[in-house]
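When the chains are written out, they are named A, B, C, D and E in that same order, and each has its own residue count from 1.
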Amino acid sequence: MENVLDVQNLSIEFPTETGVVRAVKNVSFQIKKGESLGIVGESGSGKSTVAFGLFNSVPDPGRISSGSVRFLDGRNFLKVNTEERRRFYWEHISMVFQASQNTLNPLLRIRRQVDDIAEAHQFNKKKLRQKAQSLFEMMYLDTDRVMNAYPHELSGGMKQRVSIGLALLLDPEIVVLDEPTTALDVISQGSVLKILNGIRKELNISLLFITHDISVISEVVDSVMVMYAGQVIERGPVNQVMSSPTHPYTLGLIRSIPPLVGDVKNTKGISGSAVQLDLLPKGCPFYSRCDMRMTKCSEIPPPWVTLDNNVSVACHLAKNEGGDKNDRTQEHFKTI
Amino acid sequence: MIELKNISKQFDIKGKGHKKKRTFVAVNQVNLTWKRGEFISIVGESGCGKSTLAKIIAGLISPSEGSLLLDEVENKINTQAQRARWAKVVQVVPQDPYASLNPVRKIRSSMGDALLYHKMAKRNELDHKIEEMLDLVGLNSKETLNKYPHQLSGGQRQRLVIARALSLDPDFLIADESVSMMDVSLRVGVLDYFKKIASERELGLLFITHDFRIARYISFDGKIAVMYLGNIVEFGDTQEVLSHPLHPYTQSLISAVPLIAGKERRIEEVIPKSFEVGKVYADRQQCPFADRCPFARTDCYEQKPLLKTYNGNGSSSTHQVACHYAEARELIENV
Amino acid sequence: MRLVWKVLKRRPSRLVGVAFLLLFTLMAIFGNLIYSHALNVDPNNIYAAPSWKHILGTDYAGRDVWEQIVRGSTNVLWVAALAACFTMALGTIIGLAAGYLGRVVDAILMRITDLFLTIPSVALLLILAVTLGMSNMVVLALLLSLTSWGGLARAIRSMVLSFRERSFVEVSRGLGLGRWHILLHDILPNLMPFVWTHLMLAITGAIYGEVGLFFLGVVPFKANNWGVMMNFATGSSGAMYSTQSFMFLAAPILAIVLLQTGIVLCVDAVNELADPRLRSSH
Amino acid sequence: MKWINRIIMAILTVFVVASLTFFLVRLMPGSPVQVMYLELIQKGIPANQAMNQVNIILNVIPNEPLFQQYIHWLGQIIHGDMGQSIQQTGVPVIRLIFNALPWTLITVAIGLLISFFIGVLLGVLSAFVRERWTSSLIDNIGSVAHAIPQFVTAVALLYIFSVLVHWFPSSGAYSIEVFPGFNGPFIMSFLYHMALPVFTYVLTGFGAWTLQMKASTVSVLKEDFMMAARLRGLKQNTIMGYLGSNSILPLFTGLMLSLGAMFGGSVFIEGTYAFPGIGNLLATAINTRDYPVMQGCFILTTATIIFANLIADFAYTKLDPRITD
Amino acid sequence: STNGKASGDKKASGTITYAGGWATNGVTNPFGSNNIIQNDLSYVPLAWYKYTEDFDYWKVLADSWEMSDDGKTFTVKINPKAKWSDGSALTANDVYVTFELQCLTGAAEGWGLSKINVVDDHTVQFQRDPKTLYSKVMFERQILNNVAILPGKIYEKYIPDNLWTLVKDWGGDKESQATKDATAKLTEYAKKAQSVNLNPKDLIFDGPWELVRTSSSQQLYQKNPNYLYADNVNAGKVVAINQTTNDVTWRALKNGELDYAGVGYSKVVYDQVMKVHKNSYIAAPMSQGMALYFNENISPFDNVKVRQALAYAIDRTAAQKIGEPIGALESGKINGLYKTVAEQWLSKDQLDSLEAYDPNPDKVTELLKSAGFNKTDKGWMVPNGKPFKFNVTVPNLSDWVAGIDAITNQLRKQGIQAQTSVVDTTTWTQEVPLGKYSIYANWDGGSDINPSQAFNQLYITDNNYSVTPSGKLKNTATSPDQRQEAIPETINVPSLGKVKPMELTLQLLGDLSQEEKKGLVYKLAKTTNYYMPFIPIWWQAAGRTISTQRWEWPDITNKPELENQYTYHTPFVVFQTLGLMKQK
């Protein structure tokens, strides 16, 4: 299967008064048709920035310092001119935002916002409205009411589902979902995840699912990428990563989720504070919080290693062969 | 011991346009007993009245009906003196640690205020006291005291808020969604603080959350109350409620929790008929969940079920539920 | 002090503003000391050109224009500062009371505020000024503040209302702190950045009102004032109509413009100084 | 229902203001009755006779207690009669006001619209180039223009455009040689005469709009829906429409409020340009203690402000769907 | 209807634009108290007085007139060719009604007019009350020159049937009920006639121009083709611009918009205006000035020596240079009279005998010391040891303020704590007669160049007395404070002995021979010069500016009768009527 999306060495910087913040560093990944990839990481680890990077529209004052983004047509999307880029958006790649409650123009009815999309991409307004209605129906929404409503008349969960509906409107090849459930209630979140799962399978589209809560992800994505301080530190099939995390950070993330059944004794947070981009050592970014750190970790950036189980990881501890790594995960498993 | 007896709180909702004023019941006939040293979690969706209940207990708002008992003595909180006294009994740690620290005051004055006001410290020993408090929550007082809230990290702020609540040496602590704004990796740390401090001081801890994982973690040996539209629909020992939820609402809540691949597995699912939280006004006499309940029958719409002890197969006698057709289910199991 | 300098340095416009403001403040403070004697009328030196003796030339009565500007600054700045303080006090107190003392007080105070906001303030000012005769600076300042506190009161009230709902106030209530304690220690400090910023703007407003009253010439005057100078320059002395008398017209205009510019350019610096959040986010 | 209440409230406010000003203006030193009475006495007319004559000439009952006068006035005002001018015996206040009002209203309205337009443009511009020197230049120009008193600007403009270069006339609202009405020469003459007053309103007014619009635009630009609109591939026009409608909306209330401020400013501006509007009328009335005229101007201005606010609120609920009332 | 009547008239194509209007939004009613019509332009009197010697007039509407020898009747014949602008004849009835209107306001009664008879269509007879203090000459001038003839048709209906009875009652005993009633009635009718608002289209005119349109700042007039002297008039239009403030007029002059304006100047403006548009200045004499008045009830200003000392202390010429630099006349010898009038009525010797009060510091010291004052290093102290305070109140007429400021500055330099207080004009008008100010600036001189009027103002009216029509003095003060001048009935003047200024003034008002009058004038002037009830600072400029850019104005050198028109009439009305103006 071909890659719908191919990102190579994407780096994004934010110049600020105190210096340049490198929010994303050398991030590379590919998504195949129908595949869904999850990005997990703490707040500030650069997840949203990667997403905006895909659209080549990093918020001010950010800039993409290097790398390439290629979609199906194989061109470097970062070099495409504005008008072409505009046409490309939503028809090929669309997005559901982190705070999607606020992504609808508060002054226009949903209907008008659908029309605006139709107009921008030269679709038949009537047909597109019908399409929107059928999508909203798929999402258990009262279509007539929703179409004629102003955003403020809808609840958070409804708006989120409307956003997802709008994202699917033009049958894009890939949909980016930036924390689509964070602001939602448990039941709403559950429903949204279910809907996403269903749609993904039904429409065979690719998803890029961004979240800071690793527990949310496992039902929806095929593979997962863990980010820390703007860098990818582990990547692999979701089951592999979840069941045998290699990087201490990934391990920490999983361990910080209290289980619903069984003993809670082994639940444990990661010490230290969340990502601080201005306090990074030369070597491994996780150095200061890692409880398995070694002296070389602070000096030498860990190499990128691909393990047997299709998992790639950037950690000095990770080894391609040898038993101690397996022992460690094994031990960890027992603790869960 | 704090007891809630038939506590209700109603709000008048201003009518839109031509519509009349309506009374909206945020908390409905809640009975709850909370002993010193006991951990209780309250779980429910947004808007179900969790915070309102917390505020009533903390004496921040007065209930429309019902009474609040401290050690079996009825307790009224009307005057400033009564409020000040009650503050030393119950403290709340609010949801957003950033918003709950005064942004333009230094940590020192934010922390010291209450101590001085209640004359629990003299001005000259204030710094010392504050340092003690900060040590307790594991903060370096030298680094923090002269800073403004925005100069601290989320976790530090949350700990400060806890320390401040504890400064009055209360017997009971209410934590309202205290970790929902935090990163996953930091949550457990804060929860551990709560647990540690509460057990060290034998505090009663009322933990409000919408996340069953957190509820379970915090009150692992305590109790869980599930709220829906102002009502407590299920109440019981944490383990019991989670392993054998009785109320369809609890069941659908638990069904909605995303599972961790490779650790947990879903056995059965209860999906509500609608994903929107309904609204129930004072004048309706029905099961509040009836509109969304996949198992609702006619009498659910006619008669409001009361919270009563469930004596079904194998349950302990502390497990209470407000459902005409309560049925225990096991939804999730370990892999 | 270091902090002030740091904040000022951030933008050149702030430095310019402070320079203007400082200049006028010095004038206001030391002007009356330097020029303690009465203004010298000299019929043989009417509308003299600028020279070393008369930096800005002389006016229609042969009086030194620079001296008048300096003397005027004392009056203008004092009244403006006083009026701004009164405005602040009035607006803040009424705003706090309305926002914090419950619905009845709120309703009454807000009706009054609305009334003051709707009455055309310039007209009211004119009538009051004539009525009270503006015998001294304090009365004049009170008058100016009387017509300008409304907006502030309303803003403060809505801020108080929103702060009242903020979590940290709730927490303070939960800690059993008293109403007044909360008002003074929790809410008021949060309003201070706004109040400080508003103070600067209130000064510009007061200058506008004060100088304007004198410019219109409907009120009695004794003191030197830029407004009086402008009135004479555009009116009876006809300074507007000759290049010879240009300085007499231009000097008060320039003084007002520079002073107002100075204040306005300082506003964002004051804002930043008053608000610890802005200060260290850079 | 709500609007009826508001309208009643508005009328009540106007009434209260009118009543307050009734007493206020009569507190001013130098009552016209006194002035005329003493004049007559100096002419040699006995005191009681002089009083009588003042009574006849001035349309007021001298020595009538203030409260009685007020009751009297109430009776008048209820019938919509604002009384007659004292100084210009026999001329109804209404007529004086209606002679003056159109000039003020038109100049203020045009000035307001132009300054709003310029302010909005500059505000958007400044928001787009933010954090750069052009932006802070625009901001500073805006706030300085806003802070410079109207009369200073007026005098400066008068000096430049009427005294130095004789581009614009020195007084009046139109040339008497044209026939007032809807005809070309009259309109041209009016435009020519109002150029300077309008220019002054614009110069002193646009700054505030620039600052407000900038703040508003900056906050809308930060809104997620703007980014969303861009990523949806909407056309630039549509996006600008989103930005414009959302950021102008909060300025509407201010637009109407500033109408009141500009009415106040007309005292300065019309005085400087000898422009025969409400501001001039009011200043003259104050100088001559013409109570009914003063009151008339006051009532009119207040009513204008209050009803402008009412209209603004009403329009706001129509424009912003989030406000449902 | 009036529009375009003169449009075919080639000769009358020019426009005169002048600044002269004062009204703002007034009524169009030539008899109205806020009339917006420039009556001079639209309504002419029977004759124009030349202000040169008594009995010298230009005939306007009147053909001839005659005063009976006993001074009881004055007969006027109207020019039979006189017409109204609508073409109807101007008759005796119009004159009759016009003067009846004057009776309504009480004005005519004041001059001693007791009855009018219409003899025939063109002849009117005026009856003069012989008891009146108003002289024959003044009576004649009032009838001929001072009242413009208004249309009888329009005003008839405002005249009460029993007018002459009321007029008679009015002149009776002031305290009688009949007098009070008559006054009330007359005023009521006057008010009706004055407050009616007439549409310009309904009005008819007998002057050279008819009113076409008014705006709040301008009025437009058009030539009246039926005017008696229409052949001479060659200005088809006149535009009158309201003179609200001087600076508006200055701007218009500087922009070359005006052909004629009566406006004061400061030096700089004067220089600028005269440089452009062929503007030139005509210094018209005017008998008004600014003076410092004392409230002689307030110590130490009750002391003649103090007042004299102040007169020596003040440099009036310097003050005038600042306050009224252009066109003003120096105050001259202090004697209560306008300079040229004094020269006319007093002989050179008499004038020389008056003290000049030129600035003289030694005199100041001498006089103040003799008044018991002390000079310390802090300045002058009054006898009780407190500082000598000199606080002048000035209405906010800016030229006055500037002048007074110069004076207080002078005084401060001489050790007197002098200060200027400015109040708004209305407050000032009210508070001056109430005696609120110890020293204040006020208008100087009567409104006439006749010395009797000047002294009447100074010694009778300002002293809160009035002369009844029957020639008696009456105190009008309502409180003791009001007698602000408080000039004693008898003053002991060195070299004259005891003088009773009020009585002398009263005599001066009556019918006396010129010689007798001159004797009285000298006594009063001498008294004033000694007693110093006020210090005149300058005589107001009444200069007129004309532009010869569009119009050629008549040469006035050695033609005092023409020169005087600049002071007393709207000059171009007279000049156009006489055919003396040419368009360029």
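The definition used in the following text is that contacts are C-beta pairs under 8 Å (C-beta built on N, C-alpha and C of every residue); 3 or more make two chains touch, one makes a residue touch a chain.
All figures in this text were calculated on a predicted structure; none of them were measured in a lab.
Chemist: Taking a step as a move to a touching chain, how many steps at least join chain C to chain E?
Modeler: Counted as steps through touching chains, the separation is 1.
Chemist: Among the chains, which one keeps its Cα centre farthest from the Cα centre of chain A?
Modeler: E
Chemist: Any chance you could check whether D-E or C-D wins on number of contacting C-beta pairs?
Modeler: D-E
Chemist: In whole angstrom, how far does the Cα centroid of chain A sit from the Cα centroid of chain E?
Modeler: So the centroids are 94 Å from each other.
Chemist: Take the average of all CA coordinates in chain A, do the same for chain B, and state the distance between these two points in whole angstrom.
Modeler: So the centroids are 31 Å from each other.
Chemist: Quick check: how many Å separate the C-alpha centres of chain A and chain C?
Modeler: A distance of 54 Å separates the two centres.
Chemist: Give me the residue numbers in chain A that touch at least two other chains, ranges are fine.
Modeler: none
Chemist: Where in chain D do residues touch at least two different other chains?
Modeler: Residues 29, 163, 287 of chain D touch two or more partner chains.
Chemist: Provide the list of chain C residues touching at least two other chains, using ranges where the numbers run on.
Modeler: Residues 130, 218, 234, 240-241.
Chemist: Can you list the residues on chain B that touch chain A in the complex?
Modeler: 45-46, 153-156, 183-192, 210-214, 216-217, 220, 242-243, 252-264, 271-272, 274-277, 332-334
Chemist: Within the complex, which stretch of chain C touches chain B?
Modeler: Result: residues 166-168, 170-179, 181, 185-186, 189-190, 192-193, 275-277, 280-281 of chain C touch chain B.
Chemist: Considering only the defined contacts, which chain C positions touch chain E in the complex?
Modeler: Contacts found on chain C: 38-41, 43, 46-47, 60-62, 130, 217-222, 231-232, 234-242, 244-245.
Chemist: Applying the document's contact rule, which stretches of chain E touch chain D when the two form their complex?
Modeler: Against chain D, the touching part of chain E is residues 23-27, 32-34, 174-175, 180, 183-184, 187-188, 191, 194-197, 213-220, 237, 239, 241, 244-245, 248, 251-252, 254-255, 257, 424-427, 429-431, 433-434, 461, 464, 466-468, 474, 476, 478.
Chemist: Mind pulling up the chain D residues that touch chain A in the complex?
Modeler: It is residues 131, 223-225, 227-235, 238, 242, 245-246, 249, 319-322 of chain D that touch chain A.
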